[in-house]
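Next come two complexes, and both contain chain A; in the first it sits with chain B, in the second with chain C.
Then we have the complex of A and B:
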């Protein structure tokens, strides 16, 4: 029997940037699935294309970037090439987003309650009073005390953690099916990080929202995700359940990432790092893009593109995955 | 907000005091006594001394300033010119409204058109509208107003008689003729500021549209109207500041435009005063300019305080 269609299915997504006169692919064929209610982690270094992949779903890519090919099927509809109006109806209502820096992501001159209000009234047939009551409820839900007073606050009057809570309330205000969280805790203090992650996890359980969680922090991913996709140089190189990625990673890049998680309980000497840098997006790639930094690479890796190794629920793009 | 207002108001009053003191000192430090101008070169020393005593010019300069300031603040009395003997309040009342009307009409025209054009230009970057707006902005800042005025008079008042070539028709003579008489001057006065504010609006809005919070607004699926409002509340800050400065600045430019169109506004009062060496009238005209400039900036600060709660909070 075929499994039911996932909520989000991305096939062969290419995103390119204009570099001079040429368009260069930065995201080079990403495949991704998110089932309803599932939490999928997307992990990778800066420049791996994880944020661009995320931004391409509600189509809020930065200027100069565009989806050059591929399909983003959400709830049965291909979002690529969807008319502006139809896309806009899905933004905020079906697909919501939380960004990295909650200070810059909230409008500085509009009270936070008003920002949630505007989004809600855009998508829902809800009266003024009912909307205000719902905002109060939402703010309480994300763990803001005195929500009625806080509604009138401006972003600069709130702490970083509070802002991210507000951002979450804004994102879930119209009961989206998918929440995209782009490094939601990177800009926060470690102690606040844990609180915000706990809050996010609780909210998505209560509201039954699927989450695409973008992070470079594998620890966080392990904490809240069901599945994880590892991205490198614009491609998903390994994808599996969190358990099997942590227990038996198939891609050397994943293995090296796991080795880099700092441990407090063991004296392991200097912090391990992955030597070298990811390839520049404007360089031509031959063979496996990770080969120059891979400690297990052979000649084959450097000359020809690796095949995709598959096992039920597990996928890796490497010559030696099997 | 109230705190911001009080602060700015205090600063404005302070600026006005400093400017008035400077102006007063400068006028009084002209070595030639007004008695010489009024009584002529043959006046005797006693005649001059009498004149000075009559007009209080023999008292210490600080006392003179205090008397002048007291009359101005408490009674709104600008006093009489020592040279012409005319009441300066009347002279200002005759000419100020004319200049003020020109400036207000030109300012409103410049602000509305430029904010509209600048917004279109930013939202439709690199489109035809944008190229047009950018071209207009470059032309507007590079064409001198007095030259434009002459060209427009030639084209639309001499070659075709769509507009009167000059002169000011008061409103009492009918709305139509009145508007026709101020159309060309107001247009010439507004062009430069229209260009400046268009550029400022475009640049500011382009920067705001790239901000993270605008991406949030788009990702929230807000409609065009909301998106515009979210952007404008941020983008207008520098625009309002520039507009405030422009308003005061326009007063200066209005003098030249008035001369070209032969309009009896403050330029006439000022130039007559200069020709008659009526320094007291010059001082008064400059003081009026300063008051307008300071008030325009105060208004801009208040609008910004309302647009941006952080400014108001910083002042609290």
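Then we have the complex of A and C:
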């Protein structure tokens, strides 16, 4: 029961890849809500479908993948099946995205300031001088010192953290309503990661942009997200406020994931792990897909698909969630 | 194990690279040089798991390559079992190369994509002149030792997961019956749920075989958990060393403190961020900012 429609509402999203003759579902019925100004974390191991889910929103799925069913309602419009022209207008303006590797996302032969300038003049009715002033403001906002000089730098002249800041400035330059951040700090050093997270936090506070933050590290998600969705084998298996996911995780996968994060504490001895591997996308799933790796699984889990347990603001797909 | 001191020692290691400038400048010999490793001395005890922590560009991988003699230092000595490794005779040289093995971060590029796993291991064993039936037996036990199913021997590297490939990398190193294993960021490309499996495997090998392990990582939390001794490296120098708990809970160096403060802390980090506005670490001068300032 939402008072108003959320900014983004994904219902029953299925994404499939062609494997031989048939299409195989890799994302298998994802529901996701992001309210205006909210920061939602999407967490899971590689192959869980978290990146595909994110890429499907601006419809930049890799070749060979397609949305086979479901709705992606953004700001009142279903994006699935939207004509290319209408989609192009929204992409980059209302929905912006930053990636793990900023070097491939920035044009290597154009100074970074110019790239932001071009994007702004394309998407907005803004004059030359106003655009330049705004770029300077944005670069300062993402924590780049001497923004006026830095505007003339080429991407290769900047460090990894600086590039990530520039890409973020570029992404938010068109005043998007939603920023999708796909593992933006995974390639960065921890000290730089902390700075980039601080920057994203500042941006969301000052500009009121909703953020969908994708990561495999729950501790990192907890630092800036309001809500978190845990994905496993193409489905959201738990979704709740960050506080309750940490205080009372309902899904064993979430619990085991939380245990695995290396923390700076006094613990020694073997590191906690989740045994085994996530299922391959081309395997047939019977029962709960996590059951083979779950330390609490019973026979029921291995044979029949688990129900969805719900409480206001909290959801878990597990037989024993209650 | 009577003698633990002087098992593996680095004495004032220095590695300089010339910054690439114009031809003329290089001919004049005036090209400026940068020290990737700037006077590092370390003593690693036999049977230790020694952790080396630092961020990209700190020189830790250069140091790893010097340890296994992939590159030679500009100055300083590597001493293994009392002998300067730069002065080993040909036969001793071979022994050293077998005894000190390396596990790489990127298993995608450190395994030949055109060779099946069986061949990867067979070739390693052939270097020790183990062939035929003896090799078959050893291959099976190596696979068992690293926790891999013998079925995977027929596969190519790309048919394995990242974690499985890393196990193959470890098996290949073990094929040489090493005494020292240098693991350069062995888990940084893996999911958190799988990192522990590889780290625990290294830890088991240390315990069961008495293998000395030098674990190089940017992840202080991982290193602190399994290592007996750790050293923190920044800008080519060791800035802090000691037992993990001492380094974690009583760091003396400002860089170590910043490294510790940067590790995500989950809900605790959240309240820190919300309580203070911009995070406390945000204001600290990171190496990156210093680099930026230097470039200005």
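Rule of thumb we're sticking to: the second predicted complex is superposed on the first by the 319 of 322 C-alpha atoms of A that agree within 3 Å, B and C clash if a C-alpha of one lies under 4 Å from a C-alpha of the other, contacts with A are read in each partner's own complex, and residues count from 1 in each chain.
Please note the rule applied: a contact is a pair of C-beta atoms (placed from the backbone, for glycine too) under 8 Å apart; a residue touches a chain by one contact, two chains touch by 3 or more.
The structure displayed is predicted, hence computed values, not measured ones.
With the two structures aligned on chain A, chain B fits next to chain C without clashing.
Judged by the touch definition given at the top, the superposed model places A:58 against chain B, while chain C stays out of reach. When the two complexes are overlaid, the chain among chain B and chain C that reaches more residues of chain A is C.
Residue contacts after overlaying the shared chain place A:140 against neither chain B nor chain C.
Looking at the shared chain after the overlay, A:36 reaches neither chain B nor chain C. Using the contact criterion defined above for the overlaid structures, shared-chain residue A:126 touches neither chain B nor chain C, since it reaches no partner.
When the shared chain is aligned, chain C comes close enough to touch A:190, but chain B does not.
Of the two partner chains, neither chain B nor chain C is touched by A:285.
Contact with chain B, but none with chain C, is seen for A:170 once the two complexes are overlaid on the shared chain. Vertex at chain A: the C-alpha centres of chain B and chain C lie 70° apart in angle, rounded to steps of 10.
When the two complexes are overlaid on their common chain A, residue A:207 makes contact with neither chain B nor chain C.
Contact with neither chain B nor chain C is seen for A:82 once the two complexes are overlaid on the shared chain.
The gap separating chain B from chain C in the superposed three-chain model is 6 Å, by closest C-alpha atoms. On chain A, the patch touched by chain B and the patch touched by chain C overlap at residues 157.
Listing the residues of chain B that touch chain A in their complex gives 210-213, 215-223, 226, 230, 233-234, 307-310, 313. Within the complex, the chain A residues that touch chain B are 55, 58, 60, 62-63, 88-93, 96-97, 99, 101, 104-110, 118-119, 122-123, 154, 156-157, 167, 170. On the chain A side of its complex with chain C, the touching residues are 45-46, 143, 145-146, 149, 157, 159-162, 189-195, 197-199, 201-202, 216-220, 222-224, 242-243, 246, 256-257, 260-264, 266-275, 277.
Contacts from chain C toward chain A in the complex involve residues 55-56, 161-163, 191-197, 199-200, 203, 218-222, 224-226, 244-245, 248-249, 258-267, 269-270, 273, 278-279, 281-282, 284, 286-289, 291-293, 295-296.
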